[in-house]
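Residue numbering begins at 1 within each chain, and the chains themselves are lettered A, B, C and D in the order written.
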Amino acid sequence: MPRELRLRRRVQFYETDVAGIVHFSWFFRYMEEAEHALWREAGLSIHPERSDIGWPRVAAACEFHRALKFEQEFDIAIRITDVTKRTISYACEMSQDGQKIATGTLKIACVAKLPDGSMKSAEIPADVADRLKPFAYRPSAIEDRSPDTA
Amino acid sequence: MPRELRLRRRVQFYETDVAGIVHFSWFFRYMEEAEHALWREAGLSIHPERSDIGWPRVAAACEFHRALKFEQEFDIAIRITDVTKRTISYACEMSQDGQKIATGTLKIACVAKLPDGSMKSAEIPADVADRLKPFAYRPSAIEDRSPDTA
Amino acid sequence: MPRELRLRRRVQFYETDVAGIVHFSWFFRYMEEAEHALWREAGLSIHPERSDIGWPRVAAACEFHRALKFEQEFDIAIRITDVTKRTISYACEMSQDGQKIATGTLKIACVAKLPDGSMKSAEIPADVADRLKPFAYRPSAIEDRSPDTA
Amino acid sequence: MPRELRLRRRVQFYETDVAGIVHFSWFFRYMEEAEHALWREAGLSIHPERSDIGWPRVAAACEFHRALKFEQEFDIAIRITDVTKRTISYACEMSQDGQKIATGTLKIACVAKLPDGSMKSAEIPADVADRLKPFAYRPSAIEDRSPDTA
(Lines give C-alpha, C1' and ligand atoms only; values in the text may rest on other atoms or scores of the structure.)
Protein backbone atom coordinates (compact mmCIF):
# COMPACT_ATOMS: atom_id res chain seq x y z
CA MET A 1 0.00 0.00 0.00
CA PRO A 2 1.49 3.33 -1.02
CA ARG A 3 1.86 5.78 1.84
CA GLU A 4 0.74 9.35 1.79
CA LEU A 5 2.16 12.17 3.84
CA ARG A 6 -0.34 14.04 6.00
CA LEU A 7 0.26 17.42 7.55
CA ARG A 8 -1.92 19.52 9.87
CA ARG A 9 -1.57 23.25 9.34
CA ARG A 10 -3.14 26.44 10.65
CA VAL A 11 -3.97 29.41 8.38
CA GLN A 12 -1.72 32.37 9.14
CA PHE A 13 -2.92 35.97 9.02
CA TYR A 14 -0.53 36.89 6.20
CA GLU A 15 -2.01 34.11 4.05
CA THR A 16 -5.42 35.82 3.92
CA ASP A 17 -6.52 38.55 1.53
CA VAL A 18 -9.05 41.39 1.51
CA ALA A 19 -11.77 38.92 0.39
CA GLY A 20 -11.39 37.43 3.89
CA ILE A 21 -10.07 34.05 2.78
CA VAL A 22 -6.72 32.38 2.06
CA HIS A 23 -5.29 33.75 -1.20
CA PHE A 24 -5.30 31.03 -3.86
CA SER A 25 -1.54 31.29 -4.44
CA TRP A 26 -1.01 29.87 -0.95
CA PHE A 27 -2.47 26.48 -1.84
CA PHE A 28 0.50 25.90 -4.11
CA ARG A 29 2.78 26.67 -1.19
CA TYR A 30 0.80 24.33 1.05
CA MET A 31 1.33 21.56 -1.52
CA GLU A 32 5.05 22.29 -1.58
CA GLU A 33 5.25 22.19 2.22
CA ALA A 34 3.71 18.72 2.14
CA GLU A 35 5.98 17.61 -0.70
CA HIS A 36 9.09 18.62 1.22
CA ALA A 37 7.78 16.94 4.38
CA LEU A 38 7.30 13.76 2.32
CA TRP A 39 10.93 13.94 1.17
CA ARG A 40 12.08 14.42 4.76
CA GLU A 41 9.93 11.45 5.82
CA ALA A 42 11.72 9.48 3.10
CA GLY A 43 15.08 10.53 4.56
CA LEU A 44 15.78 13.09 1.84
CA SER A 45 16.06 16.83 1.40
CA ILE A 46 14.80 18.27 -1.86
CA HIS A 47 17.46 20.96 -1.67
CA PRO A 48 20.59 19.86 0.20
CA GLU A 49 23.31 22.51 0.35
CA ARG A 50 25.91 22.22 -2.40
CA SER A 51 23.89 19.70 -4.42
CA ASP A 52 24.46 19.73 -8.18
CA ILE A 53 20.95 18.68 -9.04
CA GLY A 54 17.67 20.54 -8.59
CA TRP A 55 13.90 19.94 -8.85
CA PRO A 56 12.08 22.76 -10.66
CA ARG A 57 8.33 22.48 -11.09
CA VAL A 58 7.16 21.81 -14.65
CA ALA A 59 3.42 21.96 -13.93
CA ALA A 60 1.09 22.82 -11.06
CA ALA A 61 -2.70 22.88 -10.90
CA CYS A 62 -5.34 23.29 -8.21
CA GLU A 63 -9.11 23.25 -7.94
CA PHE A 64 -10.67 25.21 -5.12
CA HIS A 65 -13.85 23.82 -3.57
CA ARG A 66 -14.24 25.75 -0.30
CA ALA A 67 -12.62 28.74 1.32
CA LEU A 68 -10.21 28.68 4.25
CA LYS A 69 -10.19 31.46 6.81
CA PHE A 70 -7.78 32.94 9.34
CA GLU A 71 -6.73 30.57 12.13
CA GLN A 72 -8.63 27.59 10.76
CA GLU A 73 -6.82 24.27 10.93
CA PHE A 74 -6.77 22.01 7.91
CA ASP A 75 -5.03 18.90 6.60
CA ILE A 76 -2.81 18.40 3.59
CA ALA A 77 -2.36 14.90 2.18
CA ILE A 78 0.13 14.26 -0.62
CA ARG A 79 1.16 11.11 -2.46
CA ILE A 80 3.27 10.30 -5.51
CA THR A 81 1.16 9.39 -8.55
CA ASP A 82 3.87 8.79 -11.10
CA VAL A 83 7.63 8.60 -11.44
CA THR A 84 9.36 8.54 -14.80
CA LYS A 85 13.08 8.56 -15.49
CA ARG A 86 13.15 12.33 -15.16
CA THR A 87 9.94 13.51 -13.47
CA ILE A 88 7.85 12.98 -10.34
CA SER A 89 4.12 13.72 -10.14
CA TYR A 90 2.09 14.26 -6.99
CA ALA A 91 -1.57 14.47 -6.09
CA CYS A 92 -2.59 16.57 -3.13
CA GLU A 93 -5.79 17.05 -1.18
CA MET A 94 -6.47 19.79 1.31
CA SER A 95 -9.39 19.16 3.67
CA GLN A 96 -10.98 20.40 6.86
CA ASP A 97 -12.86 18.07 9.18
CA GLY A 98 -13.11 15.61 6.31
CA GLN A 99 -14.55 18.19 3.92
CA LYS A 100 -12.61 18.74 0.71
CA ILE A 101 -11.14 22.26 0.46
CA ALA A 102 -8.90 21.94 -2.59
CA THR A 103 -7.29 19.28 -4.77
CA GLY A 104 -4.09 19.79 -6.70
CA THR A 105 -1.32 18.24 -8.72
CA LEU A 106 2.36 19.03 -8.99
CA LYS A 107 4.94 17.73 -11.46
CA ILE A 108 8.63 18.27 -10.94
CA ALA A 109 11.66 17.44 -13.07
CA CYS A 110 15.20 16.51 -12.13
CA VAL A 111 17.81 18.89 -13.54
CA ALA A 112 21.58 19.15 -13.38
CA LYS A 113 23.00 22.58 -12.61
CA LEU A 114 25.59 23.54 -15.21
CA PRO A 115 28.67 25.63 -14.36
CA ASP A 116 27.21 28.62 -16.26
CA GLY A 117 24.20 28.71 -13.95
CA SER A 118 21.73 27.16 -16.40
CA MET A 119 19.88 23.88 -15.85
CA LYS A 120 19.72 20.72 -17.97
CA SER A 121 17.26 17.81 -17.74
CA ALA A 122 18.78 14.87 -15.82
CA GLU A 123 17.82 11.37 -14.71
CA ILE A 124 16.52 10.93 -11.18
CA PRO A 125 19.33 9.43 -9.05
CA ALA A 126 18.62 5.78 -8.14
CA ASP A 127 18.85 6.38 -4.37
CA VAL A 128 16.26 9.16 -4.56
CA ALA A 129 13.87 6.93 -6.53
CA ASP A 130 14.47 4.13 -4.02
CA ARG A 131 13.69 6.26 -1.00
CA LEU A 132 10.54 7.73 -2.56
CA LYS A 133 9.25 4.27 -3.55
CA PRO A 134 7.12 3.69 -0.41
CA PHE A 135 5.16 6.88 -1.23
CA ALA A 136 4.51 6.00 -4.86
CA TYR A 137 0.95 5.12 -5.77
CA ARG A 138 2.21 2.62 -8.33
CA PRO A 139 5.59 1.40 -7.06
CA SER A 140 6.00 -0.31 -10.41
CA ALA A 141 6.16 3.16 -11.83
CA ILE A 142 9.50 3.49 -10.10
CA GLU A 143 10.85 0.01 -10.81
CA ASP A 144 9.93 0.05 -14.45
CA ARG A 145 10.15 3.70 -15.17
CA SER A 146 9.02 4.67 -18.62
CA PRO A 147 11.18 6.94 -20.76
CA ASP A 148 10.05 10.58 -20.88
CA THR A 149 8.55 11.70 -24.13
CA ALA A 150 8.53 15.40 -23.44
CA MET B 1 -10.76 40.80 -32.72
CA PRO B 2 -10.62 40.02 -29.00
CA ARG B 3 -8.12 42.15 -27.10
CA GLU B 4 -5.57 40.84 -24.70
CA LEU B 5 -4.03 42.75 -21.83
CA ARG B 6 -0.23 42.94 -21.87
CA LEU B 7 1.89 43.90 -18.89
CA ARG B 8 5.67 44.32 -18.59
CA ARG B 9 7.03 43.37 -15.19
CA ARG B 10 10.42 43.05 -13.51
CA VAL B 11 11.29 40.15 -11.16
CA GLN B 12 11.65 41.37 -7.58
CA PHE B 13 14.22 39.97 -5.18
CA TYR B 14 11.58 38.63 -2.80
CA GLU B 15 10.06 36.60 -5.63
CA THR B 16 13.18 34.44 -5.98
CA ASP B 17 14.05 31.34 -3.96
CA VAL B 18 17.20 29.49 -2.91
CA ALA B 19 17.22 27.65 -6.27
CA GLY B 20 18.06 31.06 -7.77
CA ILE B 21 14.85 31.45 -9.78
CA VAL B 22 11.34 32.86 -9.32
CA HIS B 23 9.35 30.58 -7.00
CA PHE B 24 6.58 28.87 -8.95
CA SER B 25 3.83 30.24 -6.67
CA TRP B 26 4.59 33.71 -8.02
CA PHE B 27 3.41 32.87 -11.53
CA PHE B 28 -0.12 32.59 -10.17
CA ARG B 29 0.26 36.06 -8.68
CA TYR B 30 1.61 37.38 -11.99
CA MET B 31 -1.53 36.03 -13.69
CA GLU B 32 -3.72 37.71 -11.11
CA GLU B 33 -1.90 41.03 -11.57
CA ALA B 34 -2.65 40.85 -15.31
CA GLU B 35 -6.27 39.82 -14.66
CA HIS B 36 -6.86 42.82 -12.41
CA ALA B 37 -5.16 45.13 -14.93
CA LEU B 38 -7.53 43.76 -17.59
CA TRP B 39 -10.51 44.59 -15.37
CA ARG B 40 -9.18 48.13 -14.82
CA GLU B 41 -8.65 48.49 -18.59
CA ALA B 42 -12.32 47.49 -18.95
CA GLY B 43 -13.31 50.23 -16.48
CA LEU B 44 -13.92 47.80 -13.62
CA SER B 45 -12.43 46.85 -10.28
CA ILE B 46 -12.56 43.19 -9.32
CA HIS B 47 -12.91 44.19 -5.68
CA PRO B 48 -14.63 47.56 -5.18
CA GLU B 49 -15.06 48.56 -1.55
CA ARG B 50 -18.44 47.64 -0.09
CA SER B 51 -19.38 45.37 -2.99
CA ASP B 52 -21.74 42.50 -2.18
CA ILE B 53 -20.32 40.19 -4.82
CA GLY B 54 -16.90 38.55 -5.03
CA TRP B 55 -14.79 36.55 -7.49
CA PRO B 56 -13.06 33.56 -5.86
CA ARG B 57 -10.87 31.35 -8.01
CA VAL B 58 -12.28 27.90 -8.75
CA ALA B 59 -9.27 26.57 -10.68
CA ALA B 60 -5.74 27.62 -11.56
CA ALA B 61 -3.03 25.83 -13.53
CA CYS B 62 0.38 26.67 -14.92
CA GLU B 63 3.08 24.98 -16.98
CA PHE B 64 6.62 26.20 -16.51
CA HIS B 65 8.90 26.15 -19.55
CA ARG B 66 11.85 28.33 -18.56
CA ALA B 67 13.12 29.95 -15.39
CA LEU B 68 13.00 33.65 -14.55
CA LYS B 69 15.75 35.29 -12.52
CA PHE B 70 16.18 38.36 -10.32
CA GLU B 71 15.74 41.69 -12.12
CA GLN B 72 14.81 40.14 -15.44
CA GLU B 73 11.98 41.84 -17.31
CA PHE B 74 9.21 39.75 -18.80
CA ASP B 75 5.76 40.12 -20.34
CA ILE B 76 2.39 38.81 -19.20
CA ALA B 77 -0.43 38.53 -21.72
CA ILE B 78 -3.92 37.56 -20.58
CA ARG B 79 -7.19 37.13 -22.45
CA ILE B 80 -10.65 35.79 -21.63
CA THR B 81 -11.27 32.36 -23.11
CA ASP B 82 -14.78 31.70 -21.87
CA VAL B 83 -17.62 33.35 -20.01
CA THR B 84 -20.59 31.41 -18.70
CA LYS B 85 -23.50 32.72 -16.65
CA ARG B 86 -21.44 32.30 -13.48
CA THR B 87 -17.76 31.87 -14.39
CA ILE B 88 -14.96 33.56 -16.35
CA SER B 89 -11.94 31.67 -17.72
CA TYR B 90 -8.62 33.20 -18.72
CA ALA B 91 -5.54 32.05 -20.61
CA CYS B 92 -2.22 33.63 -19.76
CA GLU B 93 1.23 33.56 -21.29
CA MET B 94 4.40 34.78 -19.66
CA SER B 95 7.31 35.39 -22.03
CA GLN B 96 10.70 37.04 -22.23
CA ASP B 97 12.02 38.50 -25.49
CA GLY B 98 9.44 36.41 -27.32
CA GLN B 99 10.46 33.16 -25.60
CA LYS B 100 7.73 31.35 -23.72
CA ILE B 101 8.38 31.22 -19.95
CA ALA B 102 5.09 29.85 -18.65
CA THR B 103 1.49 29.35 -19.75
CA GLY B 104 -1.45 29.24 -17.39
CA THR B 105 -5.18 29.26 -16.97
CA LEU B 106 -7.44 30.74 -14.34
CA LYS B 107 -11.15 30.22 -13.75
CA ILE B 108 -13.13 32.43 -11.41
CA ALA B 109 -16.74 32.33 -10.24
CA CYS B 110 -19.12 35.08 -9.26
CA VAL B 111 -20.43 34.79 -5.70
CA ALA B 112 -22.78 36.78 -3.53
CA LYS B 113 -21.61 37.50 0.01
CA LEU B 114 -24.26 36.44 2.50
CA PRO B 115 -24.86 38.32 5.78
CA ASP B 116 -23.34 35.40 7.76
CA GLY B 117 -20.02 35.80 5.95
CA SER B 118 -20.42 32.79 3.66
CA MET B 119 -20.54 32.93 -0.14
CA LYS B 120 -23.15 31.67 -2.61
CA SER B 121 -22.82 31.18 -6.37
CA ALA B 122 -24.34 34.12 -8.28
CA GLU B 123 -24.88 35.24 -11.87
CA ILE B 124 -22.37 37.64 -13.37
CA PRO B 125 -23.93 41.13 -13.44
CA ALA B 126 -24.81 42.23 -16.97
CA ASP B 127 -22.69 45.39 -16.84
CA VAL B 128 -19.61 43.41 -15.85
CA ALA B 129 -20.15 40.96 -18.72
CA ASP B 130 -20.64 43.92 -21.09
CA ARG B 131 -17.45 45.65 -20.10
CA LEU B 132 -15.36 42.46 -20.34
CA LYS B 133 -16.77 41.65 -23.80
CA PRO B 134 -13.94 43.31 -25.81
CA PHE B 135 -11.44 41.03 -24.05
CA ALA B 136 -13.35 37.81 -24.67
CA TYR B 137 -11.86 35.42 -27.18
CA ARG B 138 -15.34 34.40 -28.31
CA PRO B 139 -17.60 37.40 -27.67
CA SER B 140 -20.51 35.13 -28.48
CA ALA B 141 -19.62 33.36 -25.30
CA ILE B 142 -20.85 36.40 -23.48
CA GLU B 143 -23.91 37.15 -25.60
CA ASP B 144 -25.14 33.60 -25.58
CA ARG B 145 -23.81 32.42 -22.30
CA SER B 146 -24.35 28.78 -21.64
CA PRO B 147 -25.83 27.65 -18.32
CA ASP B 148 -23.29 26.28 -15.84
CA THR B 149 -23.44 22.59 -15.24
CA ALA B 150 -21.24 22.45 -12.18
CA MET C 1 6.77 35.95 36.40
CA PRO C 2 5.57 37.07 32.98
CA ARG C 3 5.17 34.25 30.53
CA GLU C 4 6.49 34.23 27.04
CA LEU C 5 5.14 32.26 24.13
CA ARG C 6 7.61 29.95 22.40
CA LEU C 7 7.14 28.44 18.98
CA ARG C 8 9.31 25.99 17.05
CA ARG C 9 9.21 26.53 13.29
CA ARG C 10 10.90 25.12 10.20
CA VAL C 11 12.06 27.32 7.31
CA GLN C 12 9.95 26.69 4.21
CA PHE C 13 11.38 26.73 0.70
CA TYR C 14 9.23 29.71 -0.37
CA GLU C 15 10.66 31.77 2.49
CA THR C 16 14.17 31.68 1.02
CA ASP C 17 15.60 34.00 -1.65
CA VAL C 18 18.29 33.86 -4.33
CA ALA C 19 20.91 34.80 -1.70
CA GLY C 20 20.23 31.34 -0.23
CA ILE C 21 18.76 32.54 3.07
CA VAL C 22 15.38 33.47 4.53
CA HIS C 23 14.24 36.80 3.06
CA PHE C 24 14.24 39.46 5.78
CA SER C 25 10.55 40.27 5.30
CA TRP C 26 9.72 36.82 6.67
CA PHE C 27 11.01 37.63 10.13
CA PHE C 28 8.14 40.09 10.55
CA ARG C 29 5.73 37.32 9.62
CA TYR C 30 7.44 34.96 12.08
CA MET C 31 6.87 37.56 14.81
CA GLU C 32 3.22 37.86 13.86
CA GLU C 33 2.79 34.08 13.94
CA ALA C 34 4.12 34.05 17.49
CA GLU C 35 1.95 37.03 18.46
CA HIS C 36 -1.21 35.31 17.27
CA ALA C 37 -0.19 32.07 19.01
CA LEU C 38 0.21 34.10 22.21
CA TRP C 39 -3.31 35.49 21.80
CA ARG C 40 -4.67 31.97 21.26
CA GLU C 41 -2.76 30.79 24.35
CA ALA C 42 -4.52 33.61 26.21
CA GLY C 43 -7.89 32.36 24.95
CA LEU C 44 -8.25 35.11 22.36
CA SER C 45 -8.25 35.55 18.61
CA ILE C 46 -6.71 38.74 17.27
CA HIS C 47 -9.21 38.70 14.41
CA PRO C 48 -12.53 37.05 15.31
CA GLU C 49 -15.05 37.05 12.48
CA ARG C 50 -17.51 39.94 12.61
CA SER C 51 -15.52 41.86 15.24
CA ASP C 52 -15.86 45.64 15.20
CA ILE C 53 -12.36 46.29 16.47
CA GLY C 54 -9.01 45.64 14.81
CA TRP C 55 -5.30 45.66 15.67
CA PRO C 56 -3.19 47.34 12.98
CA ARG C 57 0.55 47.54 13.48
CA VAL C 58 1.91 51.01 14.26
CA ALA C 59 5.60 50.07 14.31
CA ALA C 60 7.81 47.08 13.59
CA ALA C 61 11.58 46.68 13.78
CA CYS C 62 14.06 43.84 13.53
CA GLU C 63 17.80 43.32 13.80
CA PHE C 64 19.29 40.40 11.92
CA HIS C 65 22.27 38.65 13.50
CA ARG C 66 22.57 35.37 11.62
CA ALA C 67 21.06 33.84 8.51
CA LEU C 68 18.48 31.05 8.44
CA LYS C 69 18.48 28.50 5.64
CA PHE C 70 16.01 26.12 4.02
CA GLU C 71 14.64 23.40 6.30
CA GLN C 72 16.45 24.65 9.40
CA GLU C 73 14.42 24.61 12.59
CA PHE C 74 14.41 27.63 14.87
CA ASP C 75 12.57 29.06 17.85
CA ILE C 76 10.50 32.21 18.21
CA ALA C 77 9.92 33.65 21.68
CA ILE C 78 7.57 36.59 22.18
CA ARG C 79 6.46 38.51 25.25
CA ILE C 80 4.50 41.68 25.94
CA THR C 81 6.71 44.58 26.98
CA ASP C 82 4.14 47.30 27.43
CA VAL C 83 0.40 47.87 27.40
CA THR C 84 -1.11 51.33 27.35
CA LYS C 85 -4.79 52.27 27.11
CA ARG C 86 -4.63 51.92 23.33
CA THR C 87 -1.46 50.04 22.36
CA ILE C 88 0.39 46.78 23.01
CA SER C 89 4.15 46.35 22.50
CA TYR C 90 5.99 43.07 22.06
CA ALA C 91 9.62 41.95 22.09
CA CYS C 92 10.58 38.93 20.05
CA GLU C 93 13.69 36.79 19.77
CA MET C 94 14.36 34.25 17.06
CA SER C 95 17.09 31.72 17.85
CA GLN C 96 18.56 28.43 16.71
CA ASP C 97 20.14 25.99 19.15
CA GLY C 98 20.42 28.85 21.62
CA GLN C 99 22.16 31.15 19.15
CA LYS C 100 20.47 34.47 18.49
CA ILE C 101 19.23 34.80 14.89
CA ALA C 102 17.17 37.99 15.09
CA THR C 103 15.52 40.27 17.63
CA GLY C 104 12.51 42.40 16.94
CA THR C 105 9.77 44.59 18.31
CA LEU C 106 6.17 45.09 17.31
CA LYS C 107 3.67 47.71 18.44
CA ILE C 108 -0.01 47.41 17.66
CA ALA C 109 -2.95 49.73 18.31
CA CYS C 110 -6.58 49.03 19.01
CA VAL C 111 -8.96 50.58 16.47
CA ALA C 112 -12.70 50.66 15.98
CA LYS C 113 -13.94 49.96 12.47
CA LEU C 114 -16.31 52.71 11.35
CA PRO C 115 -19.30 52.04 9.08
CA ASP C 116 -17.54 53.83 6.19
CA GLY C 117 -14.67 51.34 6.31
CA SER C 118 -12.17 53.64 7.97
CA MET C 119 -10.55 53.01 11.38
CA LYS C 120 -10.46 55.13 14.54
CA SER C 121 -8.23 54.73 17.58
CA ALA C 122 -10.03 52.92 20.41
CA GLU C 123 -9.37 51.76 23.97
CA ILE C 124 -8.32 48.17 24.50
CA PRO C 125 -11.34 46.21 25.82
CA ALA C 126 -10.94 45.26 29.50
CA ASP C 127 -11.34 41.52 28.88
CA VAL C 128 -8.59 41.54 26.27
CA ALA C 129 -6.23 43.36 28.64
CA ASP C 130 -7.15 40.88 31.38
CA ARG C 131 -6.42 37.83 29.31
CA LEU C 132 -3.09 39.18 28.05
CA LYS C 133 -1.97 40.09 31.58
CA PRO C 134 -0.08 36.83 32.27
CA PHE C 135 2.12 37.52 29.24
CA ALA C 136 2.93 41.10 30.17
CA TYR C 137 6.47 41.81 31.23
CA ARG C 138 5.22 44.42 33.66
CA PRO C 139 1.72 43.37 34.72
CA SER C 140 1.38 46.75 36.38
CA ALA C 141 1.52 48.16 32.90
CA ILE C 142 -1.88 46.67 32.35
CA GLU C 143 -3.41 47.47 35.72
CA ASP C 144 -2.25 51.04 35.75
CA ARG C 145 -2.22 51.75 32.08
CA SER C 146 -0.87 55.13 31.21
CA PRO C 147 -2.76 57.39 28.82
CA ASP C 148 -1.41 57.46 25.27
CA THR C 149 0.25 60.64 24.20
CA ALA C 150 0.31 59.94 20.48
CA MET D 1 22.06 67.92 -3.55
CA PRO D 2 21.62 64.22 -2.80
CA ARG D 3 19.16 62.49 -5.09
CA GLU D 4 16.39 60.23 -3.95
CA LEU D 5 14.80 57.47 -5.96
CA ARG D 6 11.04 57.73 -6.37
CA LEU D 7 8.80 54.90 -7.46
CA ARG D 8 5.06 54.83 -8.13
CA ARG D 9 3.42 51.52 -7.26
CA ARG D 10 -0.07 50.05 -7.16
CA VAL D 11 -1.27 47.77 -4.33
CA GLN D 12 -1.77 44.22 -5.58
CA PHE D 13 -4.59 41.99 -4.34
CA TYR D 14 -2.17 39.44 -2.84
CA GLU D 15 -0.60 42.18 -0.71
CA THR D 16 -3.82 42.73 1.26
CA ASP D 17 -5.01 40.76 4.28
CA VAL D 18 -8.33 39.92 5.93
CA ALA D 19 -8.26 43.27 7.75
CA GLY D 20 -8.78 44.82 4.32
CA ILE D 21 -5.44 46.63 4.13
CA VAL D 22 -1.88 45.96 2.94
CA HIS D 23 -0.19 43.51 5.32
CA PHE D 24 2.58 45.29 7.22
CA SER D 25 5.26 42.86 6.02
CA TRP D 26 4.80 44.24 2.50
CA PHE D 27 6.14 47.66 3.42
CA PHE D 28 9.56 46.07 3.92
CA ARG D 29 9.31 44.61 0.43
CA TYR D 30 8.25 47.99 -0.95
CA MET D 31 11.40 49.51 0.59
CA GLU D 32 13.53 46.80 -0.96
CA GLU D 33 11.95 47.36 -4.38
CA ALA D 34 12.91 51.03 -4.16
CA GLU D 35 16.41 50.19 -2.91
CA HIS D 36 17.06 47.89 -5.88
CA ALA D 37 15.65 50.49 -8.28
CA LEU D 38 18.09 53.01 -6.76
CA TRP D 39 20.99 50.61 -7.41
CA ARG D 40 19.84 50.14 -11.01
CA GLU D 41 19.56 53.93 -11.39
CA ALA D 42 23.18 54.08 -10.18
CA GLY D 43 24.17 51.55 -12.84
CA LEU D 44 24.46 48.65 -10.40
CA SER D 45 22.72 45.42 -9.56
CA ILE D 46 22.57 44.46 -5.88
CA HIS D 47 22.75 40.80 -6.87
CA PRO D 48 24.65 40.20 -10.13
CA GLU D 49 24.89 36.53 -11.10
CA ARG D 50 28.10 34.86 -10.01
CA SER D 51 29.10 37.71 -7.66
CA ASP D 52 31.22 36.78 -4.65
CA ILE D 53 29.82 39.51 -2.42
CA GLY D 54 26.34 39.92 -0.99
CA TRP D 55 24.26 42.51 0.87
CA PRO D 56 22.25 40.99 3.74
CA ARG D 57 20.05 43.27 5.80
CA VAL D 58 21.28 43.95 9.35
CA ALA D 59 18.33 46.05 10.50
CA ALA D 60 14.93 47.14 9.24
CA ALA D 61 12.25 49.28 10.87
CA CYS D 62 8.99 50.87 9.81
CA GLU D 63 6.32 53.10 11.33
CA PHE D 64 2.84 52.84 9.89
CA HIS D 65 0.75 56.01 9.79
CA ARG D 66 -2.11 55.19 7.44
CA ALA D 67 -3.47 52.11 5.74
CA LEU D 68 -3.16 51.28 2.05
CA LYS D 69 -5.92 49.41 0.26
CA PHE D 70 -6.31 47.25 -2.84
CA GLU D 71 -5.55 49.00 -6.13
CA GLN D 72 -4.52 52.27 -4.53
CA GLU D 73 -1.47 53.95 -6.04
CA PHE D 74 1.25 55.27 -3.80
CA ASP D 75 4.81 56.58 -3.94
CA ILE D 76 7.99 55.24 -2.41
CA ALA D 77 10.96 57.59 -1.96
CA ILE D 78 14.30 56.25 -0.78
CA ARG D 79 17.66 57.90 -0.15
CA ILE D 80 20.95 56.88 1.40
CA THR D 81 21.46 58.33 4.87
CA ASP D 82 24.82 56.87 5.73
CA VAL D 83 27.65 54.85 4.26
CA THR D 84 30.41 53.37 6.39
CA LYS D 85 33.26 51.12 5.26
CA ARG D 86 30.99 48.10 5.53
CA THR D 87 27.36 49.24 5.74
CA ILE D 88 24.79 51.35 3.89
CA SER D 89 21.74 52.91 5.57
CA TYR D 90 18.60 54.11 3.84
CA ALA D 91 15.56 56.19 4.81
CA CYS D 92 12.31 55.54 3.04
CA GLU D 93 8.96 57.28 2.90
CA MET D 94 5.79 55.83 1.47
CA SER D 95 3.07 58.37 0.68
CA GLN D 96 -0.20 58.78 -1.17
CA ASP D 97 -1.23 62.11 -2.70
CA GLY D 98 1.31 63.80 -0.45
CA GLN D 99 -0.01 62.14 2.71
CA LYS D 100 2.49 60.09 4.69
CA ILE D 101 1.61 56.38 4.77
CA ALA D 102 4.73 54.89 6.35
CA THR D 103 8.34 55.75 7.07
CA GLY D 104 11.12 53.22 7.35
CA THR D 105 14.82 52.57 7.57
CA LEU D 106 17.00 49.81 6.22
CA LYS D 107 20.63 48.99 6.97
CA ILE D 108 22.59 46.53 4.87
CA ALA D 109 26.12 45.15 5.20
CA CYS D 110 28.59 44.03 2.60
CA VAL D 111 29.67 40.40 2.99
CA ALA D 112 32.01 38.07 1.15
CA LYS D 113 30.66 34.62 0.34
CA LEU D 114 33.06 31.96 1.56
CA PRO D 115 33.57 28.66 -0.28
CA ASP D 116 31.75 26.78 2.51
CA GLY D 117 28.59 28.83 1.91
CA SER D 118 28.94 31.05 4.95
CA MET D 119 29.31 34.85 4.83
CA LYS D 120 31.99 37.14 6.25
CA SER D 121 31.85 40.92 6.73
CA ALA D 122 33.67 42.73 3.89
CA GLU D 123 34.51 46.27 2.83
CA ILE D 124 32.24 47.93 0.28
CA PRO D 125 34.01 47.88 -3.12
CA ALA D 126 35.19 51.38 -4.16
CA ASP D 127 33.26 51.36 -7.44
CA VAL D 128 30.00 50.56 -5.65
CA ALA D 129 30.56 53.41 -3.17
CA ASP D 130 31.38 55.71 -6.09
CA ARG D 131 28.24 54.92 -8.01
CA LEU D 132 26.00 55.29 -4.97
CA LYS D 133 27.55 58.67 -4.06
CA PRO D 134 24.95 60.82 -5.90
CA PHE D 135 22.21 59.25 -3.77
CA ALA D 136 23.97 59.77 -0.44
CA TYR D 137 22.48 62.34 1.87
CA ARG D 138 25.94 63.27 3.11
CA PRO D 139 28.36 62.55 0.25
CA SER D 140 31.17 63.16 2.70
CA ALA D 141 29.98 60.03 4.42
CA ILE D 142 31.26 58.12 1.44
CA GLU D 143 34.48 60.05 0.85
CA ASP D 144 35.53 59.97 4.46
CA ARG D 145 33.91 56.77 5.54
CA SER D 146 34.23 56.07 9.21
CA PRO D 147 35.43 52.67 10.41
CA ASP D 148 32.67 50.36 11.65
CA THR D 149 32.60 49.70 15.33
CA ALA D 150 30.19 46.80 15.34
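Keep this in mind: a residue touches a chain if its C-beta (ideal position, glycine included) is under 8 Å from a C-beta of that chain, and two chains touch if they have at least 3 such contacts.
Here the structure is a predicted model, which means the values were calculated and not measured.
> Considering only chains that satisfy the touch condition with chain C, which of them also satisfy it with chain D?
For chain C paired with chain D, the chains in contact with each are A, B, in label order.
> Enter the angle, 0 to 180° in steps of 5, of the rotation superposing CA atoms of chain B on those of chain C.
180
> Please flag the chain sitting at the greatest distance from chain B, going by CA centroids.
Here the answer is chain C, farthest from chain B.
> As a quick test, compute the distance in whole Å between the mean CA positions of chain B and chain C.
34
> Could you tell me the distance, in whole angstrom, between the mean C-alpha positions of chain B and chain D?
31
> State, to the nearest whole Å, the distance from the C-alpha centre of chain A to the C-alpha centre of chain B.
Their C-alpha centroids are separated by 24 Å.
> Quick check: what residues of chain D touch more than one other chain, meaning two or more?
13-14, 18, 20-21, 25, 29, 32, 47, 49, 69-70, 117
> Inside the complex, what are the residues of chain C that reach chain A?
So the residues of chain C in touch with chain A come to 12-14, 29, 32-33, 36, 40, 45-47, 49, 69-71.
> Note which residues of chain A are touching chain B in the complex, please.
The contact residues of chain A facing chain B are 18-21, 24-26, 28-29, 32, 47, 54, 56-64, 67, 117, 119.
> Please give the residue numbers of chain B that touch chain C in the complex, ascending.
Spelled out, the residues of chain B in touch with chain C are 13-14, 16-18, 20-21, 23, 25, 49-50, 69-70, 117.
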